[in-house]
Amino acid sequence: MPAILEIAGVRKAFAGIVALDDVALTIAQPGIYGLIGPNGAGKTTLFDVICGRQLADSGTIRLAGERIEALRVHRRARLGISRTFQECRVLLEETCLDNVLFATQDKRLGAELVQTATRSTRARDAILAEARRLLALVNLDAYANAPAAALSYGQRRLLEIVSVLATRPRILLLDEPASGVNPTLLVTLRDFLRRLYDERQIVFLVVEHNMEFIMSLASHIVVMHQGRVLAQGAPAEVQASPQVIEAYLG
Amino acid sequence: MRLPLATLGVLALLALLYLLPIIAPGELYALHILTLALCYAVPAIGLNLLFGYTGLVSLGHMGFAGVGAYTAALLMKHGLAGFVPSLVAGALVAGAVGLLVGLPCLRLRSHFFIVVTLAIGVILNTLFNNLDWLTGGAEGLPGIPRPQPLDLGLMVIDFRRPQGFFWLALTVFAAIFLLQHLIVRSDFGRSLAAIRQDETVAAARGVDVFAHKLAIFTISAAMAGVGGALKVTFLRAAAPLSFELMESINLVMIVILGGAGYLLGPLIGAILFIALPEALRVANELRLVVFGAILVLLALYAPRGLCGLAAALIHRLTTIGSLHARHP
Amino acid sequence: MLTALIEQVINGTMIGAIYVLVALGMVLIFGVMQVLNLAHGVLFMLGGYLCHFAFFKLTGSYPASIALAMLVLAVLAMALERAVFRPLRDSMQMQIVASLGLILVLQNSVVAIWGPNALQMRIPTAEAIVRLGPLSFTQQHVIIIGAVAATVTLLYLFLTRSRLGTAMRATSQNADAARVVGIDTNRIFLLTFAIAGALAALGGALLGPLFLIFPQMGDLPLLKALTAIVLGGMGSVPGAVIGGLAIGIVESVSTLFIPTDFRDTVVFGLLILTLLIRPWGLFGVRVRGEA
């Protein structure tokens, strides 16, 4: 069984500044993986390179054995790599339900155009029920027909996460899900994420600055420093590692 | 406009329009104005799909209408094809030109893309004006025949008469309107709406943004081609002035005035644009000053046009204690 | 043949200088505010009309008329920024729509007031001949090239040596950072529009006496200036200068080889070619993600 995600020898530089320097990372099992590191460690760049927003200068990225490092964003999304954004992006003019439905629809242009002419209901009802169920998981079912613009910031975050989950990804990249969320709601957010993970049992890769949040959520931690992977392991292990402590303090 | 009520309303409106020549048989001038409005409404639907639903600004769209117009004109004038095949040919050629333009240009950033559409419109118009051997140059191609009368058994529709051609124009418009409806309601339309709201999200959810933009740009150009063909058949002549830069700006105004992103926007905008000046009977320049001012005011205060204002009004009147009130 | 070429190069430099004036205004507005002001052509046209009006109805002095036209247009441009472009800062599509509306309003107001026919402005400098070997040009040619050269120099000094100019450059690089260091970006935006308006007016006032003054006189210069700033690089001031001159010269020289009717097509073909091969222009900054 090939690893779910295998990154080897990845380099990325911007105008002379090296953001990723020979990154190697293998994720073999489903789980919640936390990606941490001091500012400038390369976490966001690694995210961008994994999902295709940036193309690596060199190196390989394998998704279940298949090489994807040259594919564009939408191709990788269809293969099963979905992400949320740090600034929280949802379709504000669409209802919560439509946000989730849009995520589930087959995005291939051919399929969409054929559907224009055939317009059959097909498995519509099942998809609708599933979408409502996902919204209910994060207590948004009451807002199913409200535009996303009407939600609070925290609610939009949850909408973004379930929309992405609805695409049935193999890897879900969460970019700082706790940022901007009211501290009193962080425990709720963490529990929601755990609940969602139990739903799908896929790979969650979470970039986070909030140590308490990520340490209590993740089963594995990956530490980056100066464009490389410094350490990985269980939270307690990583927190005790002298290398990691030095990287943060030094 | 998800309510079936809206669909019933549109069907009723169409039925009313079809009955107009029978209800008011003497109003030939009004019929003429409405027919002209329909000739603008068709390319406006194309621009509406492009701008209102997908968010792409095209400032040279009447250029594509011209391509369709001249194609159809040449076919009909030389007796090579009837009205419907010529219309289809016009759509195909205009669509092909749209595809050729879109392929290299849709990848550009939005400011650049807008400038390119402007340039394309000007280039196309220059070609219409100067390729005398093909387009007749500045004089254009006069003498375009109307389609042969249609024998329906119960009655014969003579397209050389105002009522007959009005029905023809209305039918062409209805067909394009139906196409607009199908696209907007489909998954393809939903992807377009996503692209308009947030391209990054659309791509992250698996949408091939470039392919979608290219597809809608081509369809939009083809629709403009249909409109152009209809217009020159109505006017019985094809001339470059019908497709110059000013006309492209008028088309933008029609879409904005009626309401970009609304199904009925193009029709309402076209009727107002054509009919209102006739009703007001003021000097041409003052009319245009007023239109310009309306455009600026719309941009500032009512970017969703008349349909948008109507929708907001209906929403306010029919929604009590909405979610909006609890979460401003 | 050589004399014809030199003649067209000099003609091209003259008309290119005019394009430079329009392009500079547009590139400043785009660089500082990321606004594509399509109404710039009508500002240019108004410059010509106001200069004509001032010359024949107010003062009899050409320089004073130019100055008056520049002043009025600077104020008008500021009013447009405040009333139209600032509220629409978040929506590029609506800014474009509003620009189109402004074009209609201003162009047709001129037709309503002055009539649709072209005006003539016969002044001594447009009549007086300057000889250069076998070639002859009007004094106006020389004045235009000289005036634009002086203007570009002054603008350069302003942008690099003065506090306001430096503030403008800072705002164009990063408006948020500029605000943080205390620059009043709203004032900078007003100033940018004012300068752009004045430059456009100068262009119209200088060109008017050479050809004719008519309501559509700004339409083609707008498109040529757009081509110039794309060619030079959308945020680059030196790019606008070189782009404008290049367009003018290419356009004039091309009339030796192809029919004049297609002269404009050549320029727009150049625009499209640039956008396809090198969209960031000669001196522009290549944005991450662009091919």
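Observations on the structure shown:
We just call them A, B and C in the order they show up, numbering each chain from 1.
As a convention for this text, a residue touches a chain if its C-beta (ideal position, glycine included) is under 8 Å from a C-beta of that chain, and two chains touch if they have at least 3 such contacts.
The model shown is predicted, which means the values in this text are computed figures rather than measured ones.
Counting only chains that touch, the fewest steps needed to get from subunit A to subunit C is 2. Most remote chain with respect to subunit C, judged by CA-atom centres, is A. The geometric centre of subunit A is 48 Å away from that of subunit C, both derived from CA atoms. The centroid of the Cα atoms in subunit B and the matching centroid in subunit C are 33 Å apart. Centroid to centroid, with C-alpha atoms defining each point, subunit A and subunit B lie 41 Å apart.
Contact residues on subunit B toward subunit A in their complex (touch as defined above): 182-183, 185-191, 193-194, 197-198, 200-201, 203-209, 211-212, 215, 323-324, 327. Listing the residues of subunit A that touch subunit B in their complex gives 51, 72-75, 77-78, 82-83, 85, 89-94, 98, 101-103, 105-107, 109, 111-113, 115-117, 119, 143, 146, 150-152, 163-164, 167. By the touch criterion given at the top, residues 30, 34, 36, 84, 87-88, 91-98, 100-109, 111-112, 116, 219, 223, 226-227, 230, 234, 259, 261-262, 264-265, 268-269, 271-272, 275-276, 279, 287, 290-291 of subunit C touch subunit B in their complex. Contacts from subunit B toward subunit C in the complex involve residues 51, 55, 57, 59, 104-105, 107-112, 114-116, 118-120, 122-123, 126-127, 129-130, 245, 249, 252-253, 256, 283, 285-286, 288-289, 291-300, 303.
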